[in-house]
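Have a look at the structure below before the remarks.
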Amino acid sequence: MSKDIVIPGYLLGEDINGGDGTFKEGNRVYSAVYGIAKRVNNKIEVISLKGKYNPKKGDLLIGIVTDITFSMWILDINSPYYGFLHLSDYTKKIEKEDMSKEIGIGETVIAKVKEIEMPIRINLTMNDNRCKIIRTGVVIDVSYAKIPDIIGKGGSTINLIKKKTNCDIYVAQNGRVWINGSDEMIKLAINIIKMVEKDGCFDNISEKITREIDKDGDR
Amino acid sequence: MEIDEKPERFIVDGLRLDGRKKDEIRPIKMEAGVMNRADGSCYIEWGNNKIIAAVYGPREVHPRHLQETYRAILRYRYNMASFAVDERRRPGPDRRSIEISKVSREAIEPVLMLEQYPRSSIDVFVEVLQADAGTRAAGITAASVALADAGIPMRNLVSAISVGKVDGEVVLDLNKIEDNFGDADMPVAMIVESGEVTLLQMDGIFTKNEFIEAMELAKRGCSQIYDIQRDCLISKYKKLDSD
Amino acid sequence: MSSEDILSEIRRDYIYRLVRNGERIDGRKFDEYREINIEIGPIERAEGSARVKLGTTDVLAGVKMQIGEPFPDTPDQGVIITNAELIPLASPTFEPGPPDENAIELARIVDRGIRSSNAIDLDKLCIDPGKEVWMVFIDLHILDHNGNLVDASSLAAIAALFNTKIPNTKFGIDKDDERLAINDIPIATTSTEIDNNFIFDPCLDEENAANVALTVIITSKGELCGMQKSGIGRIPVETLPNIIDSSINMGEKIRKILLKALENNITV
């Protein structure tokens, strides 16, 4: 599969639609970021190789509580901005005084982006049955740009890793992955995810994963 | 080659003291993504300059009152290590580095899409580990690559180089002796593709015609620098690929 | 220079509309300066001084001289130290405290013009090589900031230097004070870009409406002896020769105004 690596200011084409990571001048579309250009039909977008996660409404995130004020948990969500989780958006009704008992500073949660107030304040909610406090397993950071690769078409890649490692794996939109299982298997899962993160664009990724796992199993 | 006195002549038989032609740049090595913690980074060796540029952000602004409602703020800190020059310099910002930080920030800002990250900051740190003339141009060149490496949305790269005058002749990319004892020094940063100047300073003496010649040389120099920046970013990806 | 001044959107639009029609808010031509008023020697206690008004922009330059050690790399040369203070009196956006980047940039541009043009003969300021030299302190006080501090300050600095007497008697060097020898008259000319036009001597609103300013400093011979692009805007390369031509032109005119002020001062 051919990959078009482009740098900011690179002319992607004329009279086409520019998606994420592009900007337009007249009828010309240029790359706004350093990354991989992908063209689908009459639309071109550039997936940044690094870059920070930009929150979108409805995204499920893994956040780490950095502060508790008044009636808010303030979460590091691996983005340019903190996420704010209000008491009333917690999974159940609790008193202000009990906030730190429920989720303390340094604890990890899966939360959903409830809304984004402009100019910019990220409000989170845990009122969604997929949201919860994470107290087991491990969370790793990956490049958020590689998340589609880690998930794979229709979840194929991640499901393969889950099956082969027997781990519970949750890939959050903000470039954080939660892995739960035996320590041995977690280690293996991390290695594979890191490999996919690095080589994610290859077509034969599933073969590679299988080989990696079998190799590990042989040892 | 260390000379601390003004040489009799800077150009002998058409060649400069370091063997370069008048329009020739010094050797440049550049590598992107050299640092682990930073969101983006670039190391540059340009002649004997050794400079690291690192980018953090977009991130929350501290102190908070500096944040701007509808755009990110760009901060740029040019700093020189105390051991970067012959005579130990006192650590910390001096007037020269404060001015360089300001004009460098203004050289880079025109290409950044700061409006995409309201209330945040993008911080650029340029550390001159060893100085050999042209540090601000090298710093801007590296910072531009580090910003791209960090995935910051930008309209283009900014490329920079210094031009000057020695023995009454306009030369590209001054070395240390030419910088110390030459007749003029003009650092220039440009968006090569659009031909727009984003940094322009000059000290020394130029006639108008010399200035025009110098600008022409700077333009060609920046275009060479741009190619090196582009290759540096593209080759970083290729390296990742082949691992 | 002071980017913190907030200009209302409608005023900015107005300035742009005017420029598009070849006009400016105060009716000047694009390359026309405001009235220049130079007062020579207002501060008697200083070795030299001058106050320059560029329209309502008001800058006072004072020169003090002291004996000090030369820099190790120039043992037989005097020392120039230029400093600018954007004191809170001059603008609501100036804050007390150590010089910020705008003040430092301003001082360094003024310094650059004087140094590059060799306006002061530093060799003549050596008293005892390696040990004692004259130190020339040029201090710029901004009294009223209504735009284009660079040109006003540069003019005030060179005017003050013309007025400077080396205080030989005060320091027991000689029985007479003597005039500081001036070799050149560098003139700074600044323009800002509005709607692709470069307009000279911007007033504060024009300065705030623009994204970029370019200072070009011109020697008596019409050479360039210093440049600085300031601000986040971009300058198309091909516009530079025209700006330089205007600068050379303007520099000549302003130099004449200074010479006239000096002449009048001597006769008074």
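Here the chain labels run A, B and C in written order, and each chain numbers its own residues starting at 1.
Methods note: contacts are C-beta pairs under 8 Å (C-beta built on N, C-alpha and C of every residue); 3 or more make two chains touch, one makes a residue touch a chain.
All values derive from a computational prediction rather than experimental measurement.
The central chain of the assembly on a C-alpha centroid basis is B.
Each chain's centre was taken as the mean of its CA atoms, and the one lying most distant from subunit C is A.
With centres set at the average Cα position, the gap from subunit B to subunit C is 27 Å. Per-chain CA centroids place subunit A at a distance of 34 Å from subunit B. Remark: subunit A and subunit C have CA centroids separated by 54 Å (rounded to whole angstrom).
For subunit A, the set of residues touching two or more other chains is empty. Not a single residue position of subunit C touches two or more of the other chains. Counting partners per residue, subunit B has 191 as the residues that reach two or more other chains. Touching subunit B in their complex are the following residues of subunit A: 5, 7-9, 21, 23, 30, 32-35, 48-52, 80-82, 118-120, 145, 198-199. Per the touch definition, subunit B reaches subunit C in the complex via residues 4, 87, 95-96, 98-99, 101-103, 105-106, 109-110, 184, 186, 190-191, 194-208, 211-212, 215, 219.
Subunit C makes touch with subunit B in their complex at residues 72-73, 99, 101-102, 104-105, 107-108, 112, 115-117, 214, 219, 222-238, 240-241, 244-245, 248.
Contacts from subunit B toward subunit A in the complex involve residues 39-40, 57-60, 69-70, 72, 111, 113, 117-120, 148-157, 191, 193, 229-230, 233-234, 237-238, 240-241, 243.
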